[in-house]
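Next, two complexes with chain A in common: one pairs it with chain B, the other with chain C.
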Partner chain A sequence: MLKFRDYIRVESKAEYEKAIASIEGPVLLLAGGSDLLVQARQDDRYEDHTVVDIFGIEELRTIEDTEGHLVIGACVTHEAIAQSLLVNRYAPILAEAALSVGSVQIRNHSSIGGNLANASPAADTLAPLAVLNAEVVILKDGIESVVPLAEIFEGPYKTNLGDRDLIVSVRVPKLSADVRHDYTKVGRRKALSISRMTIATLLQTDENGVVTRFDMTMGATFPCPMTFPDISAMLVGKRPTKEDISEVARALSAKIPEIAGIRASTRYKQPVCRRLSVRILQELIGDEQHA
Partner chain B sequence: MKTYTIGKSIGRIDAHAKVTGRAEFGADIRLPDLLYLKGVYSQYAHAKLLAVHTQQAENMPGVVCVVTGQDIPGERMIGELFIDQYPLAYDKVRYLGDVIAVVAADTQEQADAAAKLVTADYEPLPVLGSPRVAMESEYLINEEYPGNICGEVHMRKGDVEKGFSESDVVVKTNFRSAYIEHAYLEPESVTVIPSPMRPELTILGSMQAPYNARISLHRTLNVPMSQIILRPSTVGGSFGGKIETAEAMSIRAGLIALKTGRPAQYTLTREESMRESYKRHPIEFEMEIGATKDGTLKSMRIYSISDGGAYTNMSPPVAYKTATLGAGPYRLDNVDVTATAVLTNNNHTGSMRGFGVPQALFALENTLDQLAEKLDMSPTEFKRKNLLKNNDTSPAGHVLDFHEVSVLSLLEKAAAELDFDRKFTQYKQENKDPNRRIRRGVGIAVSMRGVSIGADGNGHDVSRILIEVMQDASVHANLGLVELGQGLRTCQMQMVAEGMGVNVDRVTMGATDTSRSPVTGACIASRGTLLGGGATLDACKRVHAILVEGLQKTYGEDIGPVVFENDRVLFDDHDLSFVEVVKNCYGANLTPMAVGTYSVPITNWDPKKGFGEPFYTYSYSCQAAEVEVDLDVGSVDVIKMVGCHDMGRAINPVLVHGQIYGGLAMAQGMALSEDVGHDSKTGALKNLNFSGYLLPTVLDVPDTNVPILEEHPDPRSAFGGRSIGEPSTEPGAAAITCAVNMALGKPGMIHELPYDLDRVFAAAQELWGEDDVEIS
Partner chain C sequence: MRKINLTFTLNGKPYDIEANPGARMIDVIRDDLGLTGTKEGCSVGECGACTVILNGDAVASCMVLAGSMQGADILTIEAMSELKLGNLLQESFVEEDAVQCGFCTPGFIMSAYALLKKNPDATRQEIREGVAGNLCRCTGYIQIVNAIENAAHHMREE
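Then we have the complex of A and B:
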């Protein structure tokens, strides 16, 4: 049985700010509930928490197209992201990742902000947001600020956000149409599967086949979302050869023991990462691959 | 035989109530003054239970009482065949699902809160977390079972040593299966209602075997059987799983209902259900099989050890089926199978769809594929040469001269549907290329399923039905076999209509109620159609005799033979409506009502020698699978499965299709993804709900799966039907594994269940894992 101290539903950011000012004791933000309600079933950990339901705040449920960014409200659901024309156009890798979350029932009740706040290393959107260089808009003590995605995470299931800090939106720089992408998810079944590993890749080349942008990272692998400038540098400025691809795959998969340490899963994840990376890059580079 | 109702896919009688949400499941029941219960689980998998402290819980708001094993007035243990299970732990706990106390309160929240305050004193004992450990331990989980061995069954024929010496090729293998959760959608729920008039209990809820529960309730609570009434609610799936657990819960709730005089409801959460309920047996196999170079099977030795868990439950009869059916439907002169069951401090294991045979076929068929490869034969070539035919003798020694032995025909149909032979050749060639990272494979597996309990229950396999024809000529059947979702009651209704010779819309099926339906055993062991059908035919004959007696009073003694067919009654030169004949019967002050009884004939089985006729009759099956394996990830994609089955006669073909679709999906889960996360150090299960225990989803199960029926009505069954529930899932995991091993390029490579991702990847690495797989 779920146990909470109290439950308040707010309809706007202003109401939210008013509500948290008057609440005594710890606050728990409910942004759909696909993680929170599951965790609340385990024990009485939230017994003294006041639930503030922000899922109905309209301002947090829109996707806006600004000059250089898509601004995705924190309470936009994974299903809405997957179906959004804007996201499919300007950040299609994110739309694909959102579509791979859970099942349609879960996607309709899980939000991108909630997914970040829960900070599960296995969250499907984290690797795409990392390669997209996404930023997060935080409302803290009445002030909104923009921080890089990686900065809010401290470890698995741990952020540096206070219980009254609100993720307002996620800012995703828009990709130009010639950026190719791949999102690969390894799971034990085709739906309702917690990722064993995800790989997110963005690749852009010029008319000569020279790589102008390359970002690749894994999810469900590291404690926090990671980006790897050293890996990017291995291809940028080059017309990649087979050997280059092999080198990238080797270097990227070597990050697993390097960052996450050697675990029981390393024996699986490291070689699988290497093989999938080769496959993904071959696919993205295609005919431009050089001998 | 011309039939009017059976063989037709009439709509299910429970469909409307179920799809409109009106059907009442166990946890839907609400009653005035209802108490809600919460069980307290043991903290140890193995310990002496010294004391249980309930005072603090009893003082909590809303709590009405707390019961422990000390409160049981009658015998303390239950069991269907072997009485060794505590419904409430008394002096010892044997696994983490043992319940040491139950709290009853006015609300579920109050019961949950109070249950946390129950404590106990234990003296921990070593956890015997696997059969090997238990067999070698000086500790006994139950004093009655030396060496912790709770069952050992043999099947022997010929001389295996001689057979191996005559073989040109002999393969030896090891296989191991895992726990499987039944994963019924509805967790267990029982409600016990005490009578205000007398010591009488009415038990509603989700249960598979009400007559078994009646015996246990009688023995533990000292209530006469006539005053224990079980009326199962709509059951949301069972697959063999709602027998002993539901029974133990009924006793706990019954104890509270008697003590308080209030109705008591006891519903498990999914986590509690996974923790407490029994599972499918994990079994280890050592196989040795020999053949001559022309591909003739000569000799087979199988040694299996199953994990019985904390209580004997159904382990010996499960071992009986592993032993007597584990050699498959093959012609074989020399065979020696030993199936041993061992008690451990794990979840007990018992009845589950297939009952010890899916595991055995997984080991058998993958070993046979290895043998076939050594002989340079394809799996189908090898099977064509060795499968049983009419008048052959089964591995156990049963001469199959009494029905059509159709398994070879099933093999041909399943192989044709999958295009097995062509694909086998093509994929085998393709898979020689080390750069091919996504590979395809096909696998095919066969089975013969003993119908009903078998000779280990010789003489005890009985069913009964009460059929009453009312004054308006409606035909009411009271049958104790429970509808578990498989469509049993629709099929039974069709058989009643056929047997009575009336339109099916005259027939109504009474809700299962032990106070109205005579004792009939449980809906288990592929016995519903054979046993229910047999009792129905007998009851119809008896009711007909009464109706004929009425006709004789009116039309004279010498009316000759009377035929009841298609709602008409024919005799002499008369052609009367059934309605008229019923009116006539009541007019003569007769009662057209009868109990029909059927018992399975005793078969000639020698349990000491392990030879003879282990079952009365058999269903035959062949399932085939095509898979795609990604060597770089270890993922397995099932592309298509075919289930080709001879269930004798399909009483309702659409319902048979439903069983096959479901059975194939269940087999897929067993092979690839279902894993309880058992820890053999502690006896604990990690995956206590469906986010960790991974059932295949609708996206994983191919929508191209094909059911094929081949019907040969069985002369040994009243209406020709045998069974499909268990056969439909039996060979599937074997077929998928054969296909995966073919894709990997080495039969028998994967030999442990389940095996998606890591295990397949490791196998692929071992076989094809040069460090620098070059990049085509």
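Then we have the complex of A and C:
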């Protein structure tokens, strides 16, 4: 039995705003609960919190197709994202990452908003959202604003959101059909475990094999989601050779000690990252690779 | 903590109950409703023993708070013998030797039921993925996947 002060279930954003205005003391937002239930069992840390259950807010459950973006409601489940035709068409790397979360039982009752707000460095949607240049819509003090994804994170398990700040949606720029992608997840135990390292890659070439877009980053590796313009610049404008690929792999794996510092896992992660990056890029560049 | 009122349909029957909002769905099902077919294994979403169907989706009832039952349509293992596909699954699990100690069986049957309702033509690989969130410490999974495949086959024939 979890302990908190009170529990309120809201069914619209308007009800949500009314609820948080009237609650005294700290608020705890509840979406699917797949992170919260694990955390709340450990101690009575939420004893003085009022739980506001937002999982039933229909407005947060839709995936909208606007001109340039997919707008994915914060309470859309990982399973709904994985199965969405829109996401598979315009941001397939995110669909793939969502499908890799836990098991179907977990994916059916856990949300993209919770995955972000929990801010686990190992959260599967973070690296794909980073390479997609996603933005987050936040409702704070009655005002909605759009901020770049990276801006909400302060460190592992830490965002700059207040207890009453609501992630409303994630805005994902739509990819054109010729952008290739790869999402690689290593080190999972059974089907369920949280990944130990992921690599998210987007690559686009023109008809001559010249790279027009390249974004690559790791997940479960850095304190916050990261993008690397310097790494992107290593391939954009080029017809990548084998050497170019090795250099990208080396530069990317060098980010691990550079950003995360040298840790016990660095010795394992760096070579894995290098080898996987070579394989991923070779596959994405495919026949167009030049000797 | 103030109790909450929950109205929902479970195994086709309407309920209107008071529940502790700090209770998990499995607590309500087992303790408040006395339906003990749903098992609790790991309590952290990893073993699938507690799987039930919430609005058509398989969920781990140890990872869902009571509030999510509000207005929902819920199925537990107790309903299976009343439903055609549920019945086929139960028979098939026995026929294929997919049950040893039986602790995992309700969870597997619920996952299989949700999967085959959505995708009656599920391939062997899709079946494996559909039950990837269910652990069995006794069988080698092959019998379980066989049993589900068999039930799907019978379902399509009828």
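Rule of thumb we're sticking to: the second predicted complex is superposed on the first by the 289 of 291 C-alpha atoms of A that agree within 3 Å, B and C clash if a C-alpha of one lies under 4 Å from a C-alpha of the other, contacts with A are read in each partner's own complex, and residues count from 1 in each chain.
We adopt the following convention: a residue touches a chain if its C-beta (ideal position, glycine included) is under 8 Å from a C-beta of that chain, and two chains touch if they have at least 3 such contacts.
Remember, it's a predicted structure, so these values are computed and weren't measured experimentally.
The partner that reaches more residues of chain A, of the two candidates chain B and chain C, is C. By the document's definition of touching, of the two partners only chain C reaches A:Asn108; chain B does not. In the superposition on chain A, A:Val38 makes contact with both chain B and chain C.
In the superposed model, A:Arg275 lies in contact with chain B only, and not with chain C. Comparing the two interfaces of chain A, the one with chain B and the one with chain C have residues 1, 38, 103, 190-192 in common. Contact residues on chain C toward chain A in their complex (touch as defined above): 1-2, 4, 20-24, 27, 43-46, 48, 51, 54, 57-60, 62-65, 67-68, 70, 111, 114-115, 129-130, 132-135. Touching chain A in their complex are the following residues of chain B: 108-109, 112, 437, 632-635, 673, 691, 694, 696-700, 756-758, 761-762, 765, 769, 772-773, 775. Residues 1-7, 9, 30, 32-34, 37-38, 41, 51, 53, 55-56, 79, 102-106, 108-109, 190-192 of chain A are the ones that touch chain C when the two sit in their complex. Residues 1, 38, 103, 186, 188-194, 196, 242, 245-246, 267-268, 271-272, 275-276, 278-279, 282 of chain A are the ones that touch chain B when the two sit in their complex.
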